[in-house]
Amino acid sequence: MKVDRRSFLGLGIGAVAGIAVSPMGMKLTDDSAIWTQNWPWTPVPVDGKVNYEKSVCSLCPGSCGISVRKIDNRPVKIEGLADHPVNDGGACLHGIAGLQYLYDPARIKTPLKKNGANFEKISWNDAIELVAEKLSNMREKGSPEKLACITDKEQGSVSGLFKRLLKTFGSPEFYTMPSLESYLEITASALHGKGKTIAFDLENASFVLSFGAGIIEGWGSPVSCFKANASRKTRHAQLYQIEPRLSNTAANADRWIPVKPGSEADLALGISSVILKNNLFDSNATSNFKGDLNKLAAVLQKDYSLAKTAKITGVKPDDIKKIATLFAKAEMPVAVFGKGRGDGAQSLKELAAVHTLNCLVGNINKKGGAFVKPNNQYLEFPDVAMDSIAKTGFGKNKTGKYVNQFFEEVNRSSQSLIEALFIYNANPCYTLHDTKKIKKALDKIPFIVSFSSFLDETAMEADVILPSHTFMERFEDVPSSGGLVKTVVGLTRPVIRPLFNTKTPGDSLILIAKALKGNIAKSFPWTTYDKCLESLTSRIWNSLSEDGFAVLSNGMPGDSQPVDVSFLAKNPASLKAQGNYDLTLIPIDNMRLMSAATASSPFAVKTVSDSVLKGKDIVVEINPLTAKGLKNRGFAVLTTPMGKTRVKVNINEGMMPGVIGMVTGLGHTFDNKYVSNKGVNINDLIGQVIEPDSGLDAAFGIKASISKA
Amino acid sequence: MSEIENKAENGSTESAGEGSAGEAKDDKGLGLGIIFFIIAFVACFLSGTLLFPKLLYSKKEQPFNFDHALHVSEAGDCETCHSLREDGSFTGIPKLATCLDCHYEDVLGETEDEATFVEEYVSKEKEVPWHVYSRQPDSVFFSHAAHTEAGGMDCVSCHGNIGESTSSRPYEENRITGYSRDIWGKNIFGIKKHSWDRMKMDDCAKCHKKETGHQGYCFQCHK
Amino acid sequence: MVQENHNSAYKFGMVIDLDKCTGCGSCMVSCMAENNVPFKEDETNKKDSITWMRVYKLTNDKPFPDTEVVYMPRPCQQCGGKGDHGHSPCVSVCPAVATDYGYDTGIVSQIYTRCFGCRYCMGACPYHARYFNWWDPKWPEGMEKYLSPNVSPRMRGVVEKCSFCYHRYQAARDKAYAHGNKDHIKEEDYQTACTTACPAGAIVFGDLNNPAHEVHQIVKPDPHPDPRNKHVAGKSRNPKIFRLLERLGTNPKVYYLSEREWVRKQGDNYLEGEWEKIKNHHGKASHG
Amino acid sequence: MDSALIPEGAKRCPLPKFSIGIAIVSAVLLWGVYAMFLCWFKGLNQTNMNDYYGFALWIWADLAVIAVGGGAFFTGLLKYIFKIDELKNIINFAVIIGFICYSSALLILAIDIGQPLRGWFIFWHANVHSMLTEVAFCLSAYFAVLTIEFIPNILENRQANKVPFFHHLAHNMHGVMAIFAATGAFLSFFHQGSLGGVAGVMYGRPFAVREGLLVWPWTFFLFTWSAAAYGPCFTLLVTKTTEAITGKKLVKDNVIHLLAKISGWMIVTYIIAKIIDTAYWAMVTAPSLGFNLSHFYTDNSFYGYWMLITEIVICGVVPGAILITKSTRENPKLRLVAIILGTIGVCLNRWVMVLQIMAVPVMSFDTWALYIPSWQEIATTVLPVAYGVILIAFAYRYLPVFPQEQELNQVKPVTE
């Protein structure tokens, strides 16, 4: 048989036809398409039973109630908790993105010990032992006061435990990072006396005069402020926003009053001056002033006349007069302080000047006004056992009044002032001005223990890290703060089993205390933090565990408050920005970026406009009049006395001429590519300026120049 | 093309002669060609129909044998184990907890399978990794409530008489797509005799069209 | 396939109060978290950044200090198409029926697994509401555990967009079925993720066909076609309410509310002098 | 070496020289193939397309090659239906060019879609309302027709033609070619048109949208017409180029003049229609949507009125005028200028109808979006060009493409 071409042809055609008629072709075509629909590298979320858990978000001081949607045991979404007294269902973007913190690539998965430049993993036992050994040595040497601690806040059981440990150990060196809450307490303390805080009844106020407070940019308890602001339209209330930049709050306000950076206090005093001069003040209220009002009036008439104020602030005299009149005559006026989110640098002069307006028009503890109320008191700690070492140490003077001064003193001193430092929920290497200096100070402290959940800038400087659970993995009491009218305590609860080998910070402290033995161990009698929390909050525990929150006080404080304006009557000088350049660089707080200890989530960074961040470049805002020679979206070099950086330029009519605005919250350097190494940290470019009369870092900005790159 | 035209016109006699000579040769060649054609056709068709499915699907045994008939006779219906939740979603294959509602004491029966169940899963508190014959891909949204409650359908229409089975047949998985074989159906040509023989989108659409007058909009069945 | 929006059907829509919107971004993140939207290292090229809900920043372009800024959240507009007959700009062009118009809900729905990535719909949409998956969706190790089973993660090479959280509609229906209410879902049972997240309460969502729903009461849609443009239907009878690019006849179901005239003007394109004539025109005026 | 394959009586360059030329072009081809695989395996992130530019260089290339490939159907139509017999001398080449253009278009589409393995959904789940569906069906069908039209020419290869079956097949296919030509013309009318319709129906895009007749916007007819008008320009241009490279006259002047004349009149009529369309759109359609003409041509760094003038006047009116005037048409230099301008004109039109549409902002607060293709896009766009060159080279070398070649190049038959 001769197999010729035709046979081959027959074979070939037959094979093709056979396959074509068989279902193979059809099936493979279909299956290859289905394969693309189910690529093994595209995740398939597992289904299950939907259930919700109530908790509280503790990413910021807002203390919003959250509802965590879970599929079986797996949390899939965070939403605002309906009917919660703080946020009633609303939620901010950071809280909603909360689950991204749980799975953050920068999370610390197990205790770490610094070995040279790197960290090595150690067991919890070894870590606690190591800490206890160092601390015991300090006590043996008789210098317990050389242990310091920095946390985010005064309130709450975890801060309470830190303070307690320090006290029974024998150190007064407990510091908190600056926050709106701390400024509220400082202001209340200066004007009304110790142990008090201030709240603003934005929900009811008919005229809000905001001195740069980013009411819709994360100031105070953000969601609550958003709600109060949104209801303004229906309440026919007005918002006047005073700041150099057309922030979102200014854009949303009824009027934006641009003011030269750093002159907010002067404007407030100028307005007070008009109110006093034109008898617009509330005469009943002035009876609460304890002396010095006349002295203040004299100072104001002399130094804050319309013309002088106008010159300092750049606001027209007519406008000042108009604002003063509107404010004083409004039914329920309130003046609000705390530039931006209110957690940046502030001067007491500004805080006091603004709050004095409230005092003058008599809106203290009145509906729609400012509430002066006692600090939260809901924790019932048993007495602390202290030995003589502890008593001596604890009785010593603190190194600095506030955390900024603390770092300044550590840097300044030639001796080792501090030998060990605990840092919890704070990232001073990122959030405080002049980060280089902060790092230098930390370098001088031989033993740093971080309780951070993330390997952030400050945790990197630590010698030992005792990683904490995130707020989704632990119990904690979360007292409301930040100028909120209601006093609410929320309960953060674990919504998932801890993912890593981490602990509740309270448990870490209890373990340390027990390892230190003696009185210290005796002062920490609890087996676990969870039990400790239950006993500390026993009065409200039922409500906490059932509703997820407890309302401590709902209404306004009824009593009248004494007012002491002696600080202002001394006519403290306004601070100038550091440096000799022509322009002023100021920070911009943007709602979509976190700038405190917690960094932003990938989702939050994703929402950031390309006129704020483009690629890895930060974009600064500048008025066209100031941007001479610069191209919109072009590169420029920004110089301040602290250093130089390359930036992009957003030429923007919403910025006051002569001012450069740079967003806060960028320029992180830790290991999370979605969040870090984007832009620069403005705190690298601004130095501290300590207000002499208060000890606060009051650097509202810094002098700067900008030129084409 | 035009060149051919010219050639054809000019050389008609010549090509006719060649043609007739060629045809005789052709016949033989063609005959052989046809034989080869048939052989190749049959071989390829058969391998595409019989061998191919064997290669395409992998067989997996269930973790242990499950007797549906026995459970139905004990429980009385399907809904005892496969139920709607309060929110209207469907539980699917029951979780261990549901099994333990009845299997609360160590052993109820004496089968080897139940022993496996107790030893491997109940005592270790491990969910049984069942292979789901009727699992639809992630892109599909299927509401049991819409079909059983609103549509009044029974389980058999889509799932067949699985409730009468006394043992678990092997789970066959498409190696390319990861689908259960039940989606395309046992018949490789995709021919079906019963409403439950196949679970492709076209089957859903056809029934929807018949019952509701419209096959539905994308999101009705896709997520 | 010519079907009308019949009365028994839902017509889900939204009205966004731009005076309340603060540009905070909660809606964007809530949407991303709800719908398994991925993220990548650099999201600053907004032309390839998937945000079903995007917040635009509008400015009146006046010099300092008269500058004004308003934020405008832009979900998919769920266009009804010319004359509101369901031929949305994107739906009518899809060659493979991977996207279609739900006459029962008014929602432009889609099948990601049907889409083969021709991107014609993207070109046809003037709102840039459609996004292409240029990359494989990837999550940092472990983070895929937070993905929701209600929305299937999309693979590389397909187009996606806002669905008005259709899965929430499905959940509401399931709930209704389970409780014996075959065809009735409650207003509060179906709300989109952006609506519930908005801390300012700027978004109101519901059935535009249902006079009991808040969205209907705010928008007061005019059932008659616009006498000036036969393609436009459902115009709001509130002169402060507008839709984006209404003149194109896309008939969006997302309405915007603003007290500021310049904002309303930016909602569409006008020849010189045209706005002055048209600005106070609204449905009610044309029909007494 | 390969002389047995070379058409009888034709002289071809030595095989090594030919091989070197092919090797060079193949290198370019491989570059394109590499980029193609990158796009398939890594996805379309390899391109510089984005959510504003869902359609970009590739779709432009697609539209452009289909437009210039229009010479095939139009020449076929003239030859077989209108019986203009002189065109038999260029029809083979027109078909080859068409084949190259259409196969390239299909290849580009296969790269361009995000999910190539699901590409068949366009047929299986076809949406009859979509212009793209119409394009896909007609394009594939017409490609099949072009293949059928090309086959007889391939079978005319000296060796293939020796096989009686092939010889008869070619002969018989030829007999029915008029049917295919008619089918091709019909299919081309629809897919050229529906490609125009792709833009015209986008009523969300005021720059693209046109009113029209029934379901077809005016761009539908303009695209068909312009393909018929400018397609022959490209056929002539490639013929001219082939002549220049081979150094031989391949088609007689009377044939060239005839096709040029027809093309010229088509261009003139087209450009009149185009001007009317543009004017109506600029003065009625766009303003009714709130847009001034200037909106589409200002405030950006690339798209200006120059584009409009170049497309309509320089690359439309000018070549039309040259080609309808006997004296200028028969002047080889001016004719060359005209066919080059014509080819550029139709490509520019397709650019405008793809990329400018994407660039123009529609929402008042949106901004112009400009785009520069990535190297992968460029490489995959050059790929069909290289493939075309190779196919033409092989076709010319081994197939009797030009019936008049022998007559025009009187050389002794090859003796070996």
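Going in written order, the chains are labelled A, B, C and D, and every chain counts its residues from 1.
The working rule: contacts are C-beta pairs under 8 Å (C-beta built on N, C-alpha and C of every residue); 3 or more make two chains touch, one makes a residue touch a chain.
Here the structure is a predicted model, which means the values were calculated and not measured.
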Count of contact steps on the shortest path from chain A to chain D: 1
Relative to chain A, which chain has the most distant C-alpha mean position? D
Ranking A-B and C-D by C-beta pairs in contact puts on top C-D
Can you name the chain whose C-alpha mean lies closest to the mean of all the C-alpha atoms? C
Whole-angstrom distance, CA centroid of chain A to CA centroid of chain B, is 56
Could you grab the centroid distance between chain C and chain D? Build each centroid from C-alpha atoms only and quote it in angstrom. 40
Centre distance in Å when chain A and chain C are each reduced to the mean of their C-alpha atoms: 33
CA centre of chain B versus CA centre of chain D: separation in Å? 45
Would you pick out the residues of chain D that each touch at least 2 other chains? 115, 118, 121
Chain B, residues touching no fewer than two other chains: 85, 87, 89, 137-139
Of all residues in chain A, the ones touching two or more other chains: 32, 35-37, 44-45, 47
In the complex formed with chain B, which residues of chain A make contact? 1-19, 21-28, 31-32, 34-35, 37-38, 40, 44-45, 47, 49-50
Which stretch or stretches of chain B touch chain C in the complex? 84-89, 137-139, 141, 143, 145-146, 149-150, 217-220, 222-223
Contact set on chain D toward chain A in their complex: 115, 117-118, 120-121
Contact set on chain C toward chain A in their complex: 17, 19-20, 22-26, 28-30, 32-34, 36, 39-46, 49, 51, 55, 57, 59, 61-65, 67-71, 113, 136-137, 139-149, 152-157, 193, 196-202
Over in the complex, which chain C residues touch chain B? Could you list them? 98-105, 107, 109-114, 150-153, 163, 166-167, 170-171, 173-180, 182
